[in-house]
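Both of the next two complexes hold chain A, though its partner changes from chain B to chain C.
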Partner chain A sequence: MRSFRHVRATTVAEACALLAEPGTRARANAGGSDLLGALKDGIYPEPPDLLVDLKTIPGLDAIEADEAGLRVGALARLADIARSEPIRAHWPIFSQAAQAVASPQIRNVATLGGNLCQEVRCWYFRYPAGLGGSIDCLRKGGPRCPAVKGDTRYHAIFEGRGCFAVCPSDTAVALAALDAIVVLEGPGGARRELPVQDVYTPLGTVLEPGELVTAVRVPPPAEEARSAFLKFTVREPIDFAVVSVAASITLRDGVCTDARLVLGAVGPRPYRALEAEARLIGGPIDERAAVEAAEVALAGAKPLRGNAYKVPLARSIVMRAILAALEG
Partner chain B sequence: MDEATQIRLTVNGRGHTLAVGPRSADVAPSDTLAHTLRHVMGLTGTKVSCDRGACGMCTVLLDGRAVLSCSLLTVECDGSSVTTVEGLADPETGGLHPLQQAFVDHTAFQCGFCTPGILMSTKALLDENPEPTVGEVQEALAGNHCRCITHYHVLEAVQDAAGRMREAALEPGPTVSESSSNAPERDVATGTR
Partner chain C sequence: MKREYVNIGGRLPRVDGMVKAAGEAMYTGDLSLPGMLHGKLLRSPHPHARLLKVDTAPALTLEGVRAVITGEDTLKFLAGGIASPGNEPYLAFEKVRFVGDAVAAVAAVDEETAERALALIDVEYELLDPVLDPFAAMAPGSPLVHDDAPGNISFETDLSFGNAQRAFATCDYVRYDEFKTAPIRHGFIEPHAALASWDTSGRLTFWGSKQSPYFTYRNMAKALDIPMSKVRIMQSYLGGGFGGKNEMFNLDFCAALLSMKTRRPVRIVVSQEEVLYAYRQRHPAWIKLQSGFMKDGTLVAVDAEIVAEGGAYKGIGALSLYLMCTFLALPYRVANLRAKGCRVYTNTQPSCAMRGHGVPQVRYAAEVQLDMAARELGLDPLEIRLKNAIQSGDTTGNGFEITSCGLSETLLEARGIVERWRGETPADSEPHLKRGIGVASYGYLSGPRMAGHNTSAALIKVHEDGRVGLVTGSTDCGQGSDTVLSQIAAEVLGIHLDDVQYGGMDSEIVPLDPGVFGSRVTFITGNAVKWAAEDVRAQLAGVAAGLLDAEPDDLEFRDRRVFVRDEPDRGLPFAKLVKSAQYSGTGMTILGRGYWAPEDIDLPRFDTGMGNQSGAYSFGTQVAEVEVDTETGRVKVLRLAVSHDCGQPINEMLVEGQLEGSSIGGIGHTFTETIQRRRGQTMNASFLEYRMPTALDACPVEVTHTDTVDEMGPFGAKESGEGVQVAVMPALVSAVHDAVGVWFKEVPITPEVVVEALGRGAEAAQNADARRGADARRDSRDDGRSRDGESA
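Then we have the complex of A and B:
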């Protein structure tokens, strides 16, 4: 790994100011499980000369739940989110999604902010500099996306534009189904709040230089809401999703009154299947309704040359998630 | 904010103070904990295989939690307590930890390269959950790969070790961990206690 200066931040304002300083190529580090791998592989055209440790900022790992909902600091570790009693009781798919990430050792250090902001897993973007030079793809400011004419088996089937890498975060999928809001703080005390799926763009995130995810807020769950999170992987532990689905369904007197269907690893952001949600609302939820909603959810999919298999796979996981939510 | 000039680590009960700097005995900001353990402290029991957080060989305990030492910066472990596989045996007698003995008795390894990491993940599990189900053992060891396919033997060894450790905990007298934590910490850098 190329060397760098290392600074321990003690406040968010300090960290944002350091990261925004013109002329430095600074990067924030939290758990480090994503960033260190990227630095070892030398994937960045301009590697950082300064790392700002966020773990030394006190209180940024708090998990607080009350009548107003849930507030989780960006430094909360995935293991702590997975085992948090209030999260398991009231926002179970958030706990399940945190538990579905990587391995026990990684969940012990990986943070919520890092899971949301991690780099994509596209193998062209991640191609190591040590194996003949890193690849200057569109996402890194290069001329084109090599995936388009390459191996796209794990790439996008929705909303790809220029870059076809998928958002690898599991927690973002569950959080999108829970209508979660991401709190961003930037230099000079700037602060804004965005729905989780609006943090992502086809080429990265909306984060400005010096801006950090500092917290996630989740509204209180509807009383009759039932939910499920399913993640399909090639191998069970330590794997990124090929497709994941978070479903949250509210039933009153056997009739669906509200629904969230969010697909993960199918596009640059968690993909909300709005038309499929609308199809579910107003009727009873049974196997037929689940199959129909899943058909609608995937109707607009645009697979690339190598990932048409993801369409029927995602359809199946959507259907199963709807039915699993009924059980949940 | 500040930049660390020295790093204090407690490794297997012994205090270490390391300067941050460019010499080979120092810690560079880009050094991983695995590098510091192996190449500065000479604790080569901790293995490095993929060096990308995927294989689990480099697992150590950081303040009691199983973590991947290849994916942590040493400068970010300042003030922490680290346990490596070298810290499992009885510090006085050198006798194997019941967990290690169970792995020997069940032949729960072939080449042994993954064993230190598996032992440390198991230690973290049994410290928190002394009576795990097979499913809980599988979940706790999901981040440790073994290319010799010793998993079935490992599952038996862990269940056996859990039983031995529960029995040892019931026996009267000081346990291994109590006696080691009572020993005064020696600072390696200064040689003082």
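Then we have the complex of A and C:
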């Protein structure tokens, strides 16, 4: 690992200013559970020379819930989100998604901001430099993507463009189904809010230099909303999703009045299956409706050479998530 | 018949349990010496290249760098090799042969400096075409990994007894299938580590992470050209081995040579990533298997062609291949066998021993095919096994002498388990969840008989306070041998397990020992310990006889006392006896000495597979229950059971631990684990992506022991824990078949493989390549292969 400067920020403004410092390649460090691994593996062609520690900014780890909804600071740890009483009571899929991440040790240090902004897990992108040199790719500014013609079993089936790595964050999937808004703050007091799925682009995130995720806001749940988060992995724990689905369904008198179906690990951002949501709204939810919606949800999938299996897999997870939400 | 023991057979806690649990156990990487330097290895980024230049000068100019060595600084000793000379340099010269092959090593004041120095070493390569697939490697005109190995053939075994070809013609049913297994990893948690200290007297002191310290002792002396007695090998606690820490590796050599050059102690601890991409793997195997049966299920003939990918070097691959071939003769009676094995070089990580050593690959094929045959013949999988099960007193066609065997008992036990489970198992709860049960059996060895030194030895020192110190050259790599050996000593001396202090390995005083492989320690070293303890007992009995005015033969040692057998009150405490022996007259030094290896057994021939490999063979049957999610392809292992014959268990709790660990390991090998490579590079060199099962993937494992005693084994004990790994994969694969009707002839069976296979459906297709009738011939194999494409 190359040496770097390390600064403990004490305010958001200071952190943003440091990160935007001209001439430096700075990166924010929250729990470090993703960043330090990436640095040790030497995956960046131009490794950072400055790390700005966010953990020293007071108050950024608050979890606050009231009638206006939920507000979670970027430094809230996944372990705290998973066991937060209000989150478990009112936004259970957010808690479940946080609990589904990695292992207890990692959840004890990993933060929400870091989980949303973590690097993709594409194994070409992540190939450690120490094992014979890192692999150049489009996402690292290289000319092409070696994955498309290689082993794509864990890559995108939706919305890939140039890069086919999938968004690895579990919390982003649940948050997208809860209509969550991400609060971004940048240098000079700049501030903007975006729906969580709009934070991601096929080659990275929309974050400008110096910009940070400072909080996530989640509106209060509809009274009759029911939800489920399902994550399919190859190994039971400590594994990224091959496909995950967050479903949130509002039922009034047996009729679906609103629905969110969000698929994770299928594209560069949490993928909202809008047509499938529309298909559910206005009717009763039963097994047939679930099967049909799942069919519609995957209709537009464009698998790569090596990941066609993800389509039927995702279809059954969508169907199960809808049915699980009914019981939830 | 089982006897009553005090220290044998129970559930005694491990002697190393507390220090390990408390974090006090020191592993090699924890050790440091004053003035110690840190070493790192530079590794090839290319799978196959000629070394044109290795310029270390720029690295030497970096402040803090004390020495840099390359292949040219070595005596070019070539390591490895059984049955023929080795071919693995500790630092490459002339060529590199896989991504990860070591090219140079640096010693510096700290790890970071060493790491930076690596980047300054200027290596010029001439890239050569790599061979990355064993079949391509064997094709005419393929580049050669080693110039002296035409066709990239590393070793061949051709075992034949009876006449398989002729026998197939007499069979009612013959079938042919092709199987494939994946390259997998040992998965030990402690990475390779070495600490070496050279002094002016010409002595090298070395601490390593070694299952078999005396391998390193010998190779170190040869590689450095110093007398063996000038090498002092010490062994700290070991964090797992599973066959992957037998050999001496490049880091061991480099630590020693760098210490010689710098006159400072040098420590090298490799990263877990380096372990995963630059050290050893299990041989992946391609197995073409034809078996012939009579209608009643009698196994008549077996014909196998095995191709094992050896990777870049020879290592101990001849033994691996020999085991793959010969274990087609066990655990069932078969009168006609032909097994042709070929180990092939490729430009990938070298393959070596791993739990089960070659046998899991072939027995997966053979057990699954046996089940396929049973189905076609309308026989129960347990019946066909009982029909063919080997029995004590049998000698296999290649010469394995089966002196004790509880295989049939384990099968009967398994029958009860299967019946019980079938009764307990609810009907499939959801339409997409299918449950199934499978069985498979195994036979395994209790220590391989090898040419050369094969004897284990033990020393026991009796302390003044009536406690004893025990040392052997067999190391505890987690399997619990320190405890088992201590129990044996305690039993013979009639003292308690607490009274035995198991000492560490130190070649200065601990007798020569082959080490830990092939499930040899309990059986072979156990006997040596028993002898050593008997030697102590005899010496003490002589003293006690005088004190008690009795015949030595009439004395009994039990419960920390020595007494006259028929008059228990006429005796004295063990500690008091020791003191009397040491203090009176000239005073005695009570040291017990024992050494043992099975005698009079026919040495095995690696090229023909003939000979008796071991003094005893263990047996068992594995039962597995799975639930397959037919939509997602995910297989959940619900429970496992092992009914086994390890002779007399020395420690039931340790035996269960071994059986559980081995079984759960097999879950990973069947469903998740494989090394993913791209042009010779390992894409999943981390425990995140190399998916070994975790505790949450584990399932309950029921264990039942048969009542068998091996006459040669210490207190009747034989192998346990390695053999069972042989039967896990086939039991799981049969269980999956029982659930969804598909035979998987390639592992691992990942979710996507299952989904694809179920998509293609129809078991009928799976059996398309099965041969029926007596006219099946080897030469029809080609179309068998193309039809085999159906299987997953």
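Assume the second predicted complex is superposed on the first by the 328 of 328 C-alpha atoms of A that agree within 3 Å, B and C clash if a C-alpha of one lies under 4 Å from a C-alpha of the other, contacts with A are read in each partner's own complex, and residues count from 1 in each chain.
Methods note: a residue touches a chain if its C-beta (ideal position, glycine included) is under 8 Å from a C-beta of that chain, and two chains touch if they have at least 3 such contacts.
Nothing here was measured: the structure is a model prediction, and the numbers come from that model.
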item	value
Partner chain in contact with A:5 - chain B first, chain C second, else both or neither	first
Partner, of chain C and chain B, that touches more residues belonging to chain A	B
First (chain B), second (chain C), both or neither touched by A:55	first
First, second, both or neither for A:105, with chain B first and chain C second	first
Touching partner for A:317 - first (chain B), second (chain C), both, neither	second
First (chain B), second (chain C), both or neither touched by A:151	second
Which superposed partner A:93 touches (first chain B, second chain C, both, neither)	neither
Touching partner for A:173 - first (chain B), second (chain C), both, neither	neither
Which superposed partner A:285 touches (first chain B, second chain C, both, neither)	neither
Contacts of A:238 with chain B and chain C, given as first, second, both or neither	both
Footprint overlap on chain A, where chain B in one structure and chain C in the other make contact	3, 236-238
Of all residues in chain A, those that touch chain C in their complex	3, 123-124, 127-128, 130-133, 150-151, 153, 232, 234-239, 242, 309, 312-313, 316-317
In the complex, chain B residues that touch chain A	1-4, 28-30, 32, 51-54, 56, 59, 62, 65-68, 70-73, 75-76, 121, 124, 139-140, 142-144
Chain A - residues contacting chain B, complex	1-10, 14-15, 18, 29, 32-33, 36-37, 39-41, 51, 53, 55, 79, 102-106, 108-109, 236-238
Residue ranges of chain C touching chain A (in the complex, touch as defined)	43-46, 99-100, 112, 271, 273-274, 277, 432, 631-634, 672, 676, 678, 681-685, 688-689, 691, 693-694, 696-697, 750-752, 755-756, 759
